[in-house]
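Below are two complexes that have chain A in common, paired first with chain B and then with chain C.
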Partner chain A sequence: MSNLFDLLVAGLATGAIYALVAVGFTLLWQTSQTINFAQGEFVMLPAFLMLAAMHVGAPFWLAIILGILLSLILLGLAFKMLLVDPMMRHGVLPLAIATMALAIAIKESVKQFYSAEASPFPSIVPTGDISILGHAVSLQSIGVLTVAILAVLGLTTLLSRTSLGHQMQAAAQNPTVARIIGVPVERMILLTFLINAFLVALASLLITPIYLAKFSSGEVLGQAAFIAAIVGGFNQVRGAIAGGLLIGVLDNLAAAYVSTQYRAAVPMMFLIAVILFRPQGLLGRAEERTV
Partner chain B sequence: MSGIAKPLKIALGLAIIAALIIVPMNFNRYGLFILSQWAVMSIAAMGLNLTLGYAGQVSLAQGAFVGIGAYAAAIMTTHGWPLPAAILVAIVLSFAIGWVLGYPALRVQHHYLAFVTLAFSTLAFLVFRNESWLTGGIYGISNIPRPHIFGIATNKPLPFYYVCLGSLAIVSLAVWWLIRSPWGRAFMALRENPLRAQSLGVDTRRYTLMAFAIGSALGGVAGALYAPLTQYIDPVPFNLSLSLDLLLMVIVGGAGFYFGPFLGAMIAVLLPEWLRFTEGYYLMLYAVAVMLLLIWSPTGILGILDRYLAERRTKAASALRAVAKSRLETAQ
Partner chain C sequence: MKSTLVVGALLTLMTATGAFAQAIKLANVAELSGGGATVGTNWKNGIDLAIEEINAKGGVLGRKLEVSHADSQSNPGVARAQVQKALDAEPYVLLGPGYSGSVKVTAPLAAEAGIAQIMGGEAAELTQTGNKFLFRTSFGQQSSMPKVAKYIHDEMKAKTVAVVWVNNDFGRGGRDVVVKELDRLGSKVVADLSTEAGQADFAADVGKIKAANPDAVFVYLNEEESARILKELKRQGVTAPLMGETTLIGQKVIELAGDAANGARGHVGLTTDAPVDLVKAFREKFSKKYNYVPDHNGLKGYLAVYMVKATTEKMGKVDPKKFADTLHGLTIKAADEPGILMDVTFSDTGDIDRQSFLVEVVEGKQVVKQVLPKVK
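So, the complex of A and B:
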């Protein structure tokens, strides 16, 4: 049983990170019909920005701030202005394919300009274990879970309790009417891109100490986030959260109980089953867009 | 492309075919390998162009079908079967699996479909890697023989290049015929307006599955040629990035244009050789170029050409109209 408990905690911790990434993914879809195939690379890049900042002598805390700022500029502002805006008029699919090219570009840039090798990354949470109900639980798992939960709570509060959040929802659900009643739709869309950039930077900060910083690590992460978003419900923030946690746990349990060889197959099979039998996702509603 | 006079088009086509046959005769081993690879990838991209460009169904699994074809050919030919038999099995196998993979397409569209096929790609890769009793696992299958065609051994690079080129020619003719048949028109109807197609009596269900199955079968053909071309296969070339590469080939060349895949495959296969001097930066530059191209023209390079020719035609037509109008006015 102790084994199962450990697996659950570890699964929830990675799942919470997947959830952060998946939430950003669904936000972009809802406000601007952007399917970001580079989302995994978006998570990989901020860690390297922070490493680069430390390389030129910045202390860790400053590197984090610089990394997040650069992410907001590159993955939020520049991504929207330089790729999404000009591609929007061509429709959903060409934009999705352009983000696939972007994924390759980011991956190759990191490989060329930084390193093809995996680099260690400092953890913001102290290492070590504490005892909960007689089980040793790593502080890292707890730290990751706490930060992720706080981020998600903050985001849902923003979306459902504040005027800004309501404006964002209006912009996502019905841009035309939102514009008529005076919601600055363009600014709201930009805001979701910035929120996404912040979420991926946060996810990067949380997951890189566990899996090391490597140019190719975005592939697995991106896939996990897509699966989480679809399984939970593409049009629901809470769906993406539930999906993230579910995929994290499933992935860890599969590694332990199915086989390490076919570990990656389990979330995929689950994805295919969900798409075939409940395409709107476990928590999603069909053909509807809400933030 | 219809802006060019027909005899000119035929002459151009014949010149290209003649060049493809004659020019490589004094190529070295590596040049022939690259050119053969172009032929093989063109076949796979043509299959994907049927599924994506003509029928409008997104697939991120074409690389997996190339893998299925390659493993079918590798396993059969190393056990003494002739290559044509292996190609036939590759076609049947890819067709059947492609048909089954088409079923999700009946329920979901666009990005959902992209993810189902992406998941399939990953699953296929895991099977190639893990089922070592069949596929040799990570060690792969080596010493894949090249075939004897009409009693001629094709062990040398040049004869095998002709095998690839001949296969490309056969597939090209078949696809040319297919997209001009009622089937091809049904595929396009599926892409443009599925609802309308259905109300006009097109069995959209069957044609969606067909689009997947035929496209996948061509992927299988490409794979069955890839195995004897490299004479050694392992799971790595058939991972998700091959599917992405093939998708980009179709898009860059021009999805839904007959010649799109040839051009896209040429750019993807030959350009890295010409851009050797950029060293590791090649893929980065390629990706950036693809993004710029997509911003400019989401229908790829042939889309730009098509628009240019259409513009010239309308300009010529309006010039003619102006002349006709002024004549009418002077006549009055």
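So, the complex of A and C:
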């Protein structure tokens, strides 16, 4: 039983990180129909930016700030202006393929210019345990969960409670009408790219101490977040959150109770079941394609 | 114009007198990227260092050594293709790969070409297939695992043991020998956990170890995964003593796992912390050249090249066909060839006999607790 509790906590902590990444997926899809297959690499890169900052002598806190700022510029602004905008007019599919190419480019560049080897990465949460309901729970798991939940709460508050959030929603739901009523749609789209860049930088900061900084670490994350977004509902932020948590827990339970070899297969089978029986995702809305 | 003529004349003269004798070509295929990048990079750097030293002292039998490096991407399929390509260039000796799985699929190619292959793999089965061209640079599992099991039973006094291993040729080979030995000695395996190469999340595996509550945990994974599981073991507060092999307590693992590596113990065939003067000197030279402390793979790569040198000098000629025959049964003494670092004897199967060490990580450093002598 205590084992199950530990597994749930660890699963939720990993799932919370998947959720952050998956939320970014859905945001980009909703506002600009971008399916970002480089999302996993977007999580891998900020850790290296922070490591690079530390290499040139910056203390950890400054490296975090620099890493997040650089992520906003590279993974938000530059990504939108240099890749999404020029490719968008050719349609969703060429853009999706371009993001796959970007994923390879980021991965290979890190390998080439940094190292193919894993590097250690400091944790923002101290190691140690605290007791919850008689169970020892690691501070790191709690820290990861707390930061992820705060980020998601902040985002949902922004989207549903502020004028800026309403404008973003309007731009996502019907850009033409939004434009007519005076919403600066382009700026709103750029904002979602910046939010995505912030979320992936945050996810990077949380996951890298556990997974280690490595050029290939985005592969697993990108895949997990993609599955999470589809399972939860690609067009709903709350769907991505639920999907992320669910996949995190499912992955851990599968590793413990099915087998380590099939741990990756269980979320996949779940994904197939969702696509077959509830294609809009667990919390998603059914959408019809307009012609 | 005049100077060009002079240089040209000098070159012609040097070639004619043999001062420019053809270099001895070695081919290295190693894990330069992918999951085994730590292994392959250390191995490659060790090779380069040895070659630089040997060439600076005039080469082998007056001929310089040259090496080509190819990346197996830690993938046996790619390794096979790279080895085939390397063999097509007819090298004197093939070096690498480091991963047992990659060695397993490439060894038949080298044997077929009649080229000796000096590799880093440690899986027991590699030297048990009758291949006459394959040589180890470190202990095979059949030599090291019984020592590990004995230590867990006798010194750690563990009646129950959790065994965590990586599901590949290397991990399975070690797991099979250690489980058999533990069983023979009377220690019960209460959790037998296979994990995947490249696995990032060990929460579930450590949860299972915690539930089994063993007296000791035997961890047999590759370096990066070892670091991740050490962190997770610490995160989940597992206090049972940890025992492993070189891959649990290597420099890279200590660097990656930080505090979490403290207290972990391992049987080590090769360590740069060995209380041996020549090894200390190697460590210093390596750290100076590459700016980091090598792990045992750096030593293996270095030794591989000196094995080539010692064997060739024993033959008195560069003869790829006779190389393997000469190395079988050969004892190389560190007093005669300092580059070999410690006295070593090669068996007829290509296995090695050398002294080994029991190491514990204390405050982020490998500390040698016991020296286990050469068997023969």
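As a convention for this text, the second predicted complex is superposed on the first by the 287 of 291 C-alpha atoms of A that agree within 3 Å, B and C clash if a C-alpha of one lies under 4 Å from a C-alpha of the other, contacts with A are read in each partner's own complex, and residues count from 1 in each chain.
The rule is short, and it goes like this: a residue touches a chain if its C-beta (ideal position, glycine included) is under 8 Å from a C-beta of that chain, and two chains touch if they have at least 3 such contacts.
Everything numeric here is computed off the predicted structure, so don't read it as measured data.
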item: Fit-or-clash call for chain B and chain C when the two complexes are aligned on chain A; value: fit
item: Which of chain B and chain C A:L158 touches, first, second, both or neither; value: neither
item: Partner chain in contact with A:L8 - chain B first, chain C second, else both or neither; value: neither
item: First (chain B), second (chain C), both or neither touched by A:L212; value: second
item: Partner chain in contact with A:L66 - chain B first, chain C second, else both or neither; value: neither
item: Superposed model, angle subtended at chain A by chain C and chain B (C-alpha, nearest 10 degrees); value: 70
item: Which of chain B and chain C A:M88 touches, first, second, both or neither; value: neither
item: Which of chain B and chain C A:I149 touches, first, second, both or neither; value: neither
item: Which superposed partner A:A256 touches (first chain B, second chain C, both, neither); value: second
item: Which superposed partner A:L276 touches (first chain B, second chain C, both, neither); value: first
item: Touching partner for A:K111 - first (chain B), second (chain C), both, neither; value: both
item: Overlay on shared chain A, then closest C-alpha pair between chain B and chain C (Å); value: 6
item: On chain A, positions contacted by chain B and by chain C; value: 111, 261
item: Residue ranges of chain A touching chain C (in the complex, touch as defined); value: 2-3, 6-7, 10-11, 14, 111, 115-120, 127, 129, 136, 138, 140-141, 209-212, 214, 216-217, 220, 251-256, 259-261, 263
item: Contact footprint of chain A on chain C as seen in their complex; value: 32-34, 37-38, 41, 167, 193-196, 198-201, 203-205, 207-208, 210-211, 224, 227-228, 231-232, 234-237, 252, 255-260
item: Chain A residues touching chain B - in the complex, by the definition given at the top; value: 35, 83, 86-87, 90-94, 96-98, 100-102, 104-105, 108-109, 111-112, 219, 223, 226-227, 230, 261-262, 264-265, 268-269, 271-272, 275-276, 279
item: Chain A partner contacts - residues on chain B that touch it in the complex; value: 58, 103-104, 107-108, 110-112, 114-116, 118-120, 122-123, 126, 129-130, 240, 244, 247-248, 251, 280-281, 283-284, 286-288, 290-291, 294-295, 298
